[in-house]
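One chain, chain A, appears in both complexes that follow, with chain B as partner in the first and chain C in the second.
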Partner chain A sequence: MSLVKVTIDQIEVEVEAGTTILNAARIIGGNIVPPAMCYYSKLEGSGGKCRTCLVKVAQGSAKDPRPMPKLMPSCRTLVQDGMVVQNITSPEVMEARKAITEFLLINHPLDCPVCDQAGECHLQDLSYDHGLADTQTVEDRRTFAPIDIGDKIKLHMNRCILCYRCVMVADQLTDHRVHGVLGRGDHCEISTHILKAVDNDFSGNMIDVCPVGALTDKTFRFKSRVWFTKPFDAHRECTKCIGKVVLWKKGDEILRVTGRKDKYGELEEFICNDCRFEHKEPNDWQIEGPRKIERHSVIGQNHYEKL
Partner chain B sequence: MAQQILLKNSDVPGLASFEVYRKLGGYASVEKTLKNFTPDQVTDEVKKSGLKGRGGAGFPAGMKWSFLDKSTSNPRYFVCNFDESEPGTFKDRHIGQLNPHQLIEGMILGSYALGARTSYIYIRGELFYVLRIIEKAIEEAYANGFLGKNILGSGYSLDLYCHPGAGAYICGEETALIESLEGKRGNPRIKPPFPAIVGLYDCPTVVNNVETIANLPWIMNNGAEAYAAIGVGNSKGTKLISACGHINKPGIYEIELGLPVEEFIYSDEYCGGIRNGNKLKAVVAGGSSVPILPAELILKTAKGEPRLMSYESLAEGGFETGTMLGSGGFIVMDETTCIVKNLLTFSRFYHHESCGQCSPCREGTGWMERILHRIENGHGTMKDIDLLVSISKHIEGNTICPLGDAAAWPVASAIRHFRQEFEDHVKLQKCPLSK
Partner chain C sequence: MQALTNRSKVVSDKKMTFMERIYIPAILKGMSITIRHFFRKKVSINYPEQTREFSKVYRGQHVLKRDDEGRERCTACGLCAVACPAEAITMIAGERKPGEENLYREEKYAEVYTINMLRCIFCGDCEDACPKEAIFLTDRIVVSQYERSSFIYGKDILVEPLDQSLRIDISARQTEKVLNFKQDKRFAHNK
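Right, the complex of A and B next:
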């Protein structure tokens, strides 16, 4: 593979040709990495939708130095040799990101106090970084009643940002997708195929990929705020998946089992429903040790460093 | 009388039948082209003719064809965009309903040039009766050897299908159209890659508008030079304009590009002036998404030159003082029109039709509609007007497909040119034009 040089916020990096701007930025790391609410490196075809990762391409390539006329989604734009990208150094990008954050929030219920995702929610993180202190909307928000999609997963459509990740998980991980996006525009909803329950060995991963609290684990529902639980890396012999998970414990009790997420909130490996929902006894698992939470999110900032 | 390419025989009874169409010289271009032209020569002719896409963006047709990836042995597809759903635009329907064979003839020429063996006409779901007419015409073309295997003994074979959509404006966006044609949800794709490289069933594909394609037979019959001789500047040929609103003679007109706007609105050959002798207030010149212009700027450019019905002249002045020819949906408003109410109608449409994939369009279109609803009904504030401008600015350019821009431009332009009217709504706490 040939290497190409790209400069992001004045930092130069060499990456393989065919890398996206976002992944090049992740190689550099730190605060120049654009936020990504819909892209998921393990899901083919993801990204391009939420527009939180928009960046300015100030120079297209060494060969064709013209700037790109519009802001580009960094998760879906490939780097070119000699490309110059501005993220946090571009006021235009920062303004757009603020606007996108506001768009994502105008129909959001802001029900963090009763949402199981609070503390590990990417929309919460995004709002801390780019949100306004005040709201500019006076109108009612669109509302849906929460529903069960299958016996293990709760859907709060009000909180969904339509990133399509859960649809892609169902398409790419399970043998039959029975849910999808119904309708158009801001009246879209995630829904199951008439009277079908989401019930599949790998469906629980939809919970982990959901960036917000739209899909939550019914077996963990209202058991605890995530920041009062302690995460431990653990594993077991599993015939269906790799069996490497994070246990979220309160005292000796295992309240929740999730996959292991990297610093961008993406699962390292998908896990099966057996591990996720059916093994909550301490002797089901070999504990490896406490898990360090690297995200700069709410849980990261408050308690976890000290755990 | 202006040159007629598309409407020439529309008054002839039975034009939709193969027999009548053939008697009037129909399908001659297919005979001539398959015999005397290689596919690349057809592309060259279309390039030389200067024909631009009539679907809205005005991209040169021949140039688009030349981008088609011919390097692989994958099938190539030629697709006709018959989704026509833009408010104010109703010209393609006319071709499909009255003159379906001219469209089919164009489909054969385009497919031949691009090397497509299977082609599709994707038609708006609401036009079911037109679908029937086109399907019958396709059957006739098969029966007479113009479609199917080994057309006219040339060795070239083509299958043509007409496929109905299910009533979504967004399926007129070419990549959403392709998704829909593949049987999926009509969400626009993220570009690049462009359809010319990765299109229908991931194969190289060209999508063209109905009117673009219906011009091809005339070009092949009469030559590129003859076509390029019609029009003005880089706006070659004729254009169908669907004129509606407060004019005496709404309808579909074929104009030679370059006709002065003033003549189009006021002459008896075309719109026949404003109804009841009223004063012209504003025009949306190219379908609901292009910027609205007040009377003084639609008749004359900011430089004081007469505004012409052409790609360049309508765009003169950029979005500050100009607009776009777009798809040719010409909406005329007289002095009794409330600009805010009209804009609310447009905004409601875009809100309803947003596919919902990307956040700025999904959330912004509804937000703009709700604010406009408030202003029109007397509950708006001065801050709301600036908020509308800022929302439209934050949608524009930040979305996956141009529907976001199409929703933003009408809002930005209406406030740019008619801000006073918005402020009056706020001050009076009602619509100043309501009784």
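Right, the complex of A and C next:
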């Protein structure tokens, strides 16, 4: 593989040809990494839908130094040798990101006080960083009739931003997909065909990949806000998956089991439904230790040792 | 040892003079101070027959408000509990069942909501944190009790009565800015 040189926000990095701008920025790390609501590195074909990762390409390549005419989605644009990219250094990009955030929030119900995802929601983080303090629309928000998609997963279609991550999980992890996006345009919705229940060994991962609170854990529904639970790394012997999880405990009680997420909110390993929903007794798990939580997260609230 | 202030007096056991020994001038001097206070304005009041005027934003006992239709506004979002510097607030959320729409405003509500009044420092952060305008501090005083356990107030004390005439008035606490915000149609999703 040949290496190409790319400059992102005046930081030069050498990456393999065929890498996307987003992944090149992730190699550099820090605050120059564009936010991503739909791109998921573990899911093939994800990205290109939410437009939060738009960046400005000030110089296409060393051979053709013209800038690209529009802002480019960094999760889908491949780097070229000598490319110069501006992310947080470009006011145009920040302005566009603000507009995209507002656009994603137009139909979002903003029911964060009720939503179980609050505290670990990517849309919340995004609007905290880039959103407006108020809204400019007076129209009613799009609403859908609630659908039951099984006894383990709760679907709140009103909160969905149509990132397609859950559809890709079903396509790439499970044998047969029973849910998908129905309808067109404004009527698009995640649904199952004729109210079929989503029932598969790995379907629970849809909860973890969902960037908003559209898909949440029914066994954890309204049990506790995430910032009142304490996360612990734990593992168990599992025949179906790797068995490495995070336990969210309140006192001795295990309220929720999720996969381990990295700093971009992506699962390190997908876990099976058996681990996620069926094992909530303390003796089911070998606890490794407390999970490190990023300082900016509300989950780290009241954990004074981190200050 | 060095004196902390220079007001200290050196004590001596010298013999008192005749005027000092009869004590009458000293008694009269003391009485005159006492009697002068009879004619001054009183600094105390006869509580509870009389009460002082409270500030509009006095921070006393909390109330959990209901909306105009009598539904509880609190959705157990936990922001008051996380904002509370004294960690006085705890809650357990419950899911609203079909048929309870006239009791709770949203699909989630606080099944248990307690404030430990012994821990509470009446800072008003819970009121500031509340996104649903559910909790307010009022000008009511938290009454004294004989037992510590009686200070853990549950929903039976905190939620205001259903009867319209018995509702707790908090309109004085709401500034013009808040009222304008509530009238703005753009924030209808938050009503």
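By our rule, the second predicted complex is superposed on the first by the 293 of 307 C-alpha atoms of A that agree within 3 Å, B and C clash if a C-alpha of one lies under 4 Å from a C-alpha of the other, contacts with A are read in each partner's own complex, and residues count from 1 in each chain.
One rule holds for everything that comes next: a residue touches a chain if its C-beta (ideal position, glycine included) is under 8 Å from a C-beta of that chain, and two chains touch if they have at least 3 such contacts.
Worth saying up front: this structure is predicted, and the values here are computed from it rather than measured.
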Will chain C clash with chain B on chain A after the two structures are superposed, or do they fit?
-> fit
Should A:Ala96 be classified as contacting the first partner (chain B), the second (chain C), both, or neither?
-> first
Broader residue contact with chain A after superposition on the shared chain, chain B or chain C | B
Pick one for A:Arg76: touches chain B only (first), chain C only (second), both, or neither.
-> first
With the two structures laid over each other on chain A, which partner does A:Val169 touch: chain B (first), chain C (second), both, or neither?
-> neither
Spatial angle chain C-chain A-chain B, Cα centroids [nearest 10 degrees] = 120
When the two structures are overlaid on chain A, which partner does A:Phe222 contact: first (chain B), second (chain C), both, or neither?
-> second
Which superposed partner A:Ile106 touches (first chain B, second chain C, both, neither) | first
Should A:Ile161 be classified as contacting the first partner (chain B), the second (chain C), both, or neither?
-> first
When the two structures are overlaid on chain A, which partner does A:Cys275 contact: first (chain B), second (chain C), both, or neither?
-> neither
Which of chain B and chain C A:Lys49 touches, first, second, both or neither = first
In the superposed arrangement, which partner chain does A:Val181 touch: chain B (first), chain C (second), both, or neither?
-> first
Once the two structures sit on chain A together, report how near the CA atoms of chain B get to those of chain C, whole Å.
-> 13
For chain A, which residues belong to both interfaces, chain B and chain C?
-> 136-137
Residue ranges of chain B in contact with chain A within the complex = 168, 170, 185, 190, 351-367, 370, 387, 390, 394, 397-400
Seen from chain A, its contact residues with chain B in the complex are 47-52, 54, 69-71, 73, 76, 95-96, 99-100, 103-104, 106-107, 136-137, 139, 142, 161-162, 164, 180-181, 183-188
Touching chain C in the complex, chain A uses residues 109-114, 118, 134-138, 141, 221-225, 227-228, 298, 301-302
Where on chain C does chain A make contact in their complex?
-> 75-79, 81-82, 87, 93-95, 106-108, 131-132, 185-190
